[in-house]
Every structure is written in structure tokens, then in C-alpha cells.
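Have a look at these structures, which come just after this line.
Look at the two complexes coming up: chain A is in both, with chain B in one and chain C in the other.
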Partner chain A sequence: MSYLIIDKVTKKFDGTVVLNEISLAVERGELVTLLGPSGCGKSTLLRCIAGLNEVDGGRILLNDRDITYLAPRKRGVGMVFQSYALFPNMTVYENIAFGLKMQGLKGGYIAARVKEMIDLVGLGGKEKSYPRELSGGQQQRVALARSMIVEPDVLLLDEPFNALDAKIRKMLQMELKNIQKKSGMTMIFVTHDQEEALTISDRIFVINEGRVAQSGKPLEIYSQPASEFVARFIGNFNVLKGEEFERLVGEPLISGKSLAIRPEVIKLSLNGENGKGHNGSWRIKGKVVSVFLKGNILRYRVRSKDCILDVDVLNNSLDCSLNYDTSVDLVIPKDEVKVLNL
Partner chain B sequence: MKEKRTLHRFAIALMFLYLFMPLIATFLYSIATDWYDTVLPKGLTLSWYVKLFQDVRFVAALGRTLFACSVAVGLNIAVMVVSLFIVSLYLPKLERFLQAFAMLPYAIPGVIGAVGLIKVYSSGPLAISGTVWLLIGAYFVVILPYTYQGTRNSMRTVDLPQLVSAAELLGASKPKAFFKVVLPNILPGVMVSALLSFSVLFGEFVLTNFLVGGYYETVQIYLMRRMRESGHLSSAVVISYYLFVFCLSWIALKLGQNFKNGNSDNLRGKKYELPHYR
Partner chain C sequence: MRAKWAHISKNLWLTGALFPLAVMIFGFELLPIMGMLIDSFRTDDGNVWTLGQYITALKNPYYLVAIKNSLLISLLSSFIAIVVAAFVAYFITRLKPKSQEAVLTYVNLTANFAGVPLAFAYIIMLGNSGLFTILFQRWGLDIFSEFDLYSWSGLVLVYVYFQLPLAILLLYPIYFEIKEQWREAAHLLGASDMQFWLQVGLPVIMPGLVGTFSILFANAMGAYATAYALVGSNYNLLSVRIGALISGDVYARPHLASALAMLLALSLIAAMLTNEYMMRRIRRDLK
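Coming up: the complex of A and B.
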């Protein structure tokens, strides 16, 4: 039996269904991500698990206990909020110690545990600082330490890195992953950032309209999107209708279904270069419509037979940048074309 | 540049002189032996203050005022803080009604309010007309707008629902979350509104005169009576009143600052060495 089971949970706000009989299961020690666009219900699900929102139907089981209707403080659930929710009147030390004080533990034990947590999140020397004296990244670490010190059965993280700049965000993602591995704590992370989800998760649940659209390991989700929604949301897939694709490659395929191709699997070369496509791929001609520099990647938008395809090329040489209207050949490996169900 | 600064300073000094002139004149009058046909008092004396504080009636009136004001402010703050906490957390849609209710005293002139209260409470099951309890009740209503605004504003400066949720998830009960997390963060605002309310009530005359008058002599009623007897004495009462309110403001602000810093150890005289600000 799984450690955390969400069983057909429904939640409505003023008659609007936000969670639609959603079901999922999380194993002990996993770091799973609920990934989805704004308003898909991922934060609501997190708040339902924490007991901050009451559910309208379904059950939530944690470690074989039915916690559906328990008070938040009795659930054994910790939570890191998007806005950190640090207590402004307390120092870093007092913030982290708060949970243990509420449990009525002795001062000596609390001091030792707080020191342990401060070392774990790398906040040594900041014990006497107030939240307003800390940077966003440091505040986030305090929030993490404060939630982890009470050793909850499951730790919920509601878009915790949203307010941070890209560099600190990436650093904290790695740190969170390391801390999770060290502590073995079960964590549920909510984000709308696909890259973040792919970086830190053991498993991803892609949420759409209050339901799980797809779940799996990051690589599975990224390389095998089950639906058009997942394909469009998780990566920058080229999603084409069956008819469009048939016109593009000139071969009859499965009509009525959509197909997805990752931009980085399409090979791009100047017209006439690198010979022909082989049995395992299609070779098509097109013209560069636009070029976007994305740091280490160059994204070419290529028009071919009234279809637009994005092609990602590693930005390893200035010579490889092609100008607008350049004629190019595209090679699409057949086994990289995914047929989508919805 | 320097000329401009001098001009600004002169303008500000002039403004302060204008504002403080009545107070300075009152103070001078309260320590004057005689002052009617000269620019400045003929002589200075503290005898009016000695006389004032030796007057048993004044001390008793001061005690009564303090009692009525403290009870009304204390009750009002307790009710308002708890009401706003509940409304902000669980019934945010009701906040408009609470606001309208709290602002009602602005719409009712003191005389009309007093007459209405006397009429309602002079007979019937709750005949408390002429007693301090009716005065406290009226005071409670008068200061509603001040305590409402102050408390609501300080609650808005913190993310109340999120702080309470965080405290609860860390094992705190609702009352503990309120006393350990919410109250320390809103206390500066609450104290300022309590002080403002106290000052308003301390100087309130219309309601007091109508509702209790001579039955329960407060400082205001005492001041009114002594004004007919001696201007020097009533000036001494006014200056004492200002000094009292000034001291109260200073204490409240100091307390508020300490609570805002959140360093409870400062209150006990033990100071933390704070790290350098980022």
C-alpha cells in the first residue's frame, strides 16, 4: 500500500469544480511534483492534503491513517508556503524552534535540533536575524528548516522558489534535492515550471483541470507525452495534426490523431548538406522563419509545406546560426514521432 | 542653497510656534501669579499645581476618568481584535458589514447619541442611566472607528491566514497561533489605536456631561466646574492632562517599537547583538 493515497478527491469553490475526483499515490521517501498551469488545482490539492481546505468528496490516507477530516496540526504534514510565511516577530532560531516548542520539548533538545537544521540548510551565523534581514533565498531556507524540524510524515512545498531569481532558484533546487535525499523525507512539490519539475522530481504528476493528465518519471513524461496537453505543457513539442504531418512527410499515417515531435530530435542542415534521409527518418525541405537565442540553445522556426516546426540546435559555434529565409533540410527520426491520444 | 535652508527652518519654526502658542500660553497662565494687564505674567508660582493635586476631588475625578476610559478601551480592543481576527480569517465577506457598523458613531452627533441613550436606559430592565456603566458603554461605541481602523490596518500588514496556517501546521492550536504569532505582529498598531482612543475619551465632554454629569465627576466635568472658579487652576488641569497624554504616548510608542522589533528580550533588558543589515 502506498504511503500517501489521494483517492477520488473532489473540491469545489462556489460551485466550480477545482479538483475532479483526483487520485494519486506517493511512496515513502519520494519527491514528487504536481506540475500544471495556473488554476489547474495543484495548490488546492496541496492545501487539501494539509487540511487548510476541506474536501467535498474522496479520501486522503497518509501512512495508513485516514486524515481527510483531521485538523491540520494533527495530520503530520508540514508545508512550505510560496510567500514563506515566516513569523516576522521571531528570529531565525525562534522560527525554526517554533514547532518543537509547540510539542512542549525541552530547551536543550530544541537547541541541538535547531543547530542541526541550521547546519543542514546552511544558515549558520543567522540564528539571531529576523526574517526582514534575510534575502529571499535565506528566508526560503528558514521556511524549509522550520517545516522539516518537526519531522512531518510528508512535506508539502507550494511553489517555494517562485519569488527567487533564476540563479538562486537553480541552486536551491539542487539543495532541496540533496536535503531530501539526506533526510529521506517524503515531499510533494508544486510548480508550474516544467524545467524545475524535471530537475528535482522522482516522479511527476501533470495536472490539468483538476485531474492527473499523466504521471511518471521525468524522462518518461518528457519523452512520452500521453496527450496534446502534456506535450505542449511539458516541453516545446511540435504538435501537428495527422493531416498536417502527412502533407509534410508525403506518406499516409494515422489520420485523426495528433503527433508530437521534440524540437531537439529534428536534425537541421543547409540544403544539400549531409546527403539524404535514410529508412529510419524523413527528410523535408523548409525555410528559416525566425531564430531565437536561448543561451546554449538556438531555436529555429522553420516553415515547410505550410507547417511550422521548431528545431533546437546546440549553440556551440557562431557559424551554425542561420539567417532568416535560409533554405534548410530537416531530418525527422521516425521513432521520435509520438502519436498522442487526445 | 544655504539661504533656502534657513528660510525653510524659519518657516517651520514659525509654524511650530503658531501650533504651540496656545499650549505655551496655557502653561504660562498655569504658573502665573497674576496675568491680566501685562505681556508676560507678573510672577511665577507652582501653587496652582500644588492646590490642584492636593484637591481630593481632582484626584478622585482623575481616578474615575482613568477607570472609565481604561475599561472602555480595554473592552473595545479585546472585542475588536478578536472580531477582526475571526472575520479576516473565516468570514472575509462580512468585513464590509463590520466596517459599516464600526463607522456608525461618525454619523451620530454626540448630543443625539446621549439623549437616545438616556431615553433607552432610564427605565426598563437595564436602568443604568446616570451610572458609569452607561458611560463606559457609550465610550465603547464612540471609539469603535479608531480601534477598527487601527486594528484592521495592522492586520493587513501581515498575511494573517498564511501565518495562522503555518503556525497550525507546526502544531499550534488556534489560540496559541493567535497569541504567539498574530498578536505580537499587530500589537504596535493595536496599541497606537488604543492610545488614540484613550486620548479621544480623555478629552470627551458632551457625552460625559449628558450621561453622568455630577453623578460621576470625571476630569472633564471637574475642569468645567473649576473654570468658573479659577482660570489658573483650569490651566493647570489642562497642562496636567497634556503631560499625562504625552507620557502615555511615549510609553505606548516605546512599547510598540519593542514589540515590532519582536525582540522580547529587549523588554527584559537583555539585548541581542543583531547581525549587520543586508
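Coming up: the complex of A and C.
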């Protein structure tokens, strides 16, 4: 039996269904991510697990206990909020110690545990600072330490790095992953950022319209999207209707279904270069419509036979020379074309 | 150079815009206070410098009682008002927005109902021949048989009446400082509602409570019309004594009135400083 079981949970707000009989299971010690666009219900699910929103149907089982209707403080669930939710009138030390103090534990034990947590999140020397004296990243570490110190059965993290700049965010993602591995704590992380989910998760649940659209390991989700929604949301896939793809490659394929191709598997070259495609690939001609610089990646938008394809290539000087209207050849490996069933 | 001129011109314009306010503060605040301060150190004929007025004010039992009564009624009415208002204002914030608006409009209305009209309203309702006094007598209910509107308890009731709406209006916005997620975080960390309020809620709104208490205290200390209309000179209050010394009910002693007024101002400053000190003890993060 799984450690955390969400069993057909339904939640409505003013008659609008936000969670639609959603079911999922999390194992002990896993870091799973609920990934989905804004409004898909991922934060609502987190709040239902925490008991901050009552469910309209279904069950939530944690560590063999039915916690569906328990008060938040009796669930054994911790939560890190997007806005940190640190108590402004308390120092870093007092914020972190709060949970243990509420349990009526003794000062000496509390001091030792707080020191442990402060060391774990790397906030040594900041014990006497107030939240307003800390940066966003430091505040988020305090929030993490405050939630972890009470050793909850499961720790929920609601888009905790959203308000941070990209550099700090990436650093904290790595730190969170390390802390989770060290502590072995079960964590559920909510985000709408695909890259973040792929980076930190043991498993990902892609949520759409209050249901799990797909679940699996990050690589599985990224390379084997089960539906058009997942393909578009997770990896900027090129999604083409069967008819469009047949027109593009000039071969009859599977009409009535959609196909997805990752931008980075398409090889791009100037017309006539690098010979022909082989049996394992299709070679098609097109023209560059636009170029987007994405750091170490260049994304070319190429038009071919009234279809638009995105192609990602490593950013080097040769590729930079491909400007608008340049004629190019695209090579699409056959085994990289995914047929979408939904 | 041009930027410097633009800066100077902007500053001049701003200074000019503030000039009427400066004139008003100087003419209607500072000058009278300075006049009072000087007068308070003069003899009754105004010719000789003296500490005599303060000695009289602080030695004469009559004025000492007035100071004590004023302090007591101000502290008591402010305390009752702030405690009741703290709950009422909180419950208003839990109402639906439209209901909040309606309740606040009503509170606003009552907050502006003070002075002689308020005293008159209470006399009509709860005076010796007041509507409710007679009505309850006829019904055989002796609820008001022990109650005397023209006594200390009557005065406290009326003071609380005009303090309460003001307190509610001042306290209402401070509850919005408490973020819902603080409460949620506290509950998830094992805190009960009471523990949340004691550890987080109250300390967060403490500056607002302290500030409101100072305003209520000042409001009560300076209240004159309501008290005078209700009890006249029958009850010994500082503001009523100052009024009497200026208008010359028995004989005019404006210099003594000035000394009493300065003592009243000092009590307000002392109250504000005490509140400030207490607040800083509780909210160390605001240092």
C-alpha cells in the first residue's frame, strides 16, 4: 500500500469542479511534483491534503491513516507557501522553533533541533534576524526549515520558488533535492515550471483540468508524452495532426491521430549539406521564419509545406548565420516521432 | 545646471504648496500652545513669572480630583472601547463585503454622533424621565432602577458610546495586516486558534491597538461638550474645570486653566510614550 493515497478526490468552488475525482499515490521518501498550468487544480489538491480546503468527495490516506476530515494540525502534514508565510514578529530562530514550541517541547531540545535545521538550510549567523531583514531566498530557507523541523509525514511545497530570481531559484532547487535526499522526507512539490519539475522530481504528475493527465519519471514524461496536452506543456513539442504530418513527409501514416516531435531531435542543415536522409529518417525542405535565442540553444521556427516546426540547435557561430528566409533541410528521425493517443 | 534649476524650482513649488498648511499649524496649533505655555507660568494678573499655577493645580485637591477623574474615565472608557472594538472589528472583517460596507456606514454615522446631541439623546432615553427608564418601570422591570445617567457609571456609558465607533473604525483596517497564510502555517505547525492569536495575531496588530488606544485616550481626555451637557459642573473633570476657569463660572482664571491644559497635554504625551515603549517591547522586529 502506498504511503500517501489520493482516492477520487473531488473539490468544487461555487459549483465549478476544480478537482475531478483525482487519484494518485506517493511512496515514502519520494519527491513528486504536481505539474500543470495555472488553474489546473494542483494547488487546490495540495490544500486539500493539508486540510486547508475541505474535499467534496473522495478520500486521503496518509501512512495508513484516513486524514480526509482531520483538522490541519492533526494531519502530520507540513507546508511551505509561495509567499513564505513567515511570522514577521519572530526571528529566524523563533520562526523555526515555532512548531516544536507548539508541541510543548523543552528549550534545550528545541535549541539543538533548531541549530540542526539552521545548519541544514545554511542559515548560520541569521538566527536573530527578522524576516524583513532577509532576502527572498533566505526567507524561503527559513520556511523550509520551519516546516521540516516538526518532521511531518509529508511536506507540501506550493510553488515555493516562484517569487525568486532565476539564479537563486536554480540553486534552491538543487539544495531542496539534496535536503530531501538527506532527510528522506516525502515531499510533494507544486509548480507550473516544466524545467523545475524535470530537475527535482523523482516522479511527476501532470495535472490538467483537475485530473492526472500523465504520471511517470521525468525522462518518461518528457520523452513519451501520452497526450497532446502533455506534449505541448512539458517540452514545447511540435504537435502535428496526422494529415499535416503526412503532407510534410509525403508518406501515408496514421490519420486521425496527432504526432509529437521534440524540437531538439530534428537535425537542421543548409540546403544540400550533409547528403540525404536515410531509411530511419525523413528529410524535408523548409525556410526559416524566425530565430529565438534561448541562451545555449537557438530555436529556429521553420515553415515547410504550410506546417510550422520548431527546431532547437546548440548555439554556435555557424547556426547563428541562419537568418530569416534561409532555405534549410530538416531531418526527422522516424523513431523520435511519438504518436499521441489522446 | 538645468536639472539643478528644475530641482530647485520643484522644491520651491512644493514648499509653496505646503505654505498654507504651515500657516495653519503655526496659527492654530503652535501659537495657542506657546501662548498657553507662557500663560501657565504667569500670575493671575499676568504680570509676574511664577510656578504658582502648577503648584495650585497639583496641590489643590479639587483640581487633583479633576485630573484623577479624567485619567480614570479616559483609561476605563478607552480600555472598554478597545476590547469590545477589537472583537467587533474582527467580526466585521469576517462578513461578506457588502455587509461590511453596510455595517461600516452605520458605525461611521454613530462615530460622528457626539457632544451635546449625544448627551441629549441619552437624557431622552435613559435620563430620570427617559423613555426606557419609564418604559421598564411600567413593565415592572427594575433594570435601570440602580442606574443614574448623571453619575460616574452614566458618564462611563456615554464615553464608551462615543469611543466605541471610533475604535471600530480605527481597528477595522489593522486586521487586514494578518495574512491568512500565517494562520494556515501556524495551524499546520500545530498551533490552536488561541495560540495563533497570542503568538502571531496579537503581536502583529499590536501597533494598531496601541495607536488606537492613544487616540481614544486623547479623545476622552479632551471630551468636554458631552460631559458638560450631561453632568454640568456636578462631576469634576479636567476638561470641565478648564472650561469653567476660562468662561468664569465662578471667576475666570485663564492662567490656571493654561497650567491645567498643559498638564492634560503632558498626560497625553506620557500615555503615548508609555504605549510606544510597550509596543516596542512586544514587537522587537519594529526597532
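What we mean here is this: the second predicted complex is superposed on the first by the 338 of 342 C-alpha atoms of A that agree within 3 Å, B and C clash if a C-alpha of one lies under 4 Å from a C-alpha of the other, contacts with A are read in each partner's own complex, and residues count from 1 in each chain.
Criterion: a residue touches a chain if its C-beta (ideal position, glycine included) is under 8 Å from a C-beta of that chain, and two chains touch if they have at least 3 such contacts.
Since this is a predicted model, take the numbers as computed values, not measurements.
Bringing the complexes onto one copy of chain A puts chain B in a clash with chain C. After overlaying the two complexes on the shared chain, residue contacts for A:L134 are found with chain B alone; chain C is out of touch. Residue contacts after overlaying the shared chain place A:M1 against neither chain B nor chain C.
Applying the stated contact rule after C-alpha superposition, one finds that A:A166 touches neither chain B nor chain C.
In the superposed pair of complexes, A:A71 makes contact with chain B and with chain C alike.
Within the superposed three-chain model, A:M102 lies in touch with chain B and with chain C [touch as defined at top].
In the superposition on chain A, A:G125 contacts chain B only, with no contact to chain C. Residue overlap on chain A between the chain B contacts of one complex and the chain C contacts of the other covers 50, 52, 71-73, 77-79, 81, 83, 85, 87-91, 98-99, 102-103, 130, 146-147, 150.
Interface residues of chain A, counted against chain C in their complex, comprise 50, 52, 71-73, 75, 77-79, 81, 83, 85, 87-91, 98-99, 102-103, 130-132, 146-147, 150. Taken together, the chain B residues at the contact with chain A in this complex read 158-159, 162-163, 165-173, 176, 180-181, 184-185, 259, 261-263, 272-275, 277-278. Interface of chain A with chain B (complex): residues 50, 52, 71-73, 77-79, 81, 83, 85-91, 98-99, 102-103, 125-126, 128-130, 133-135, 146-147, 150.
Chain C meets chain A in the complex at residues 179, 181-182, 184-192, 195, 199-200, 203-204, 282-285.
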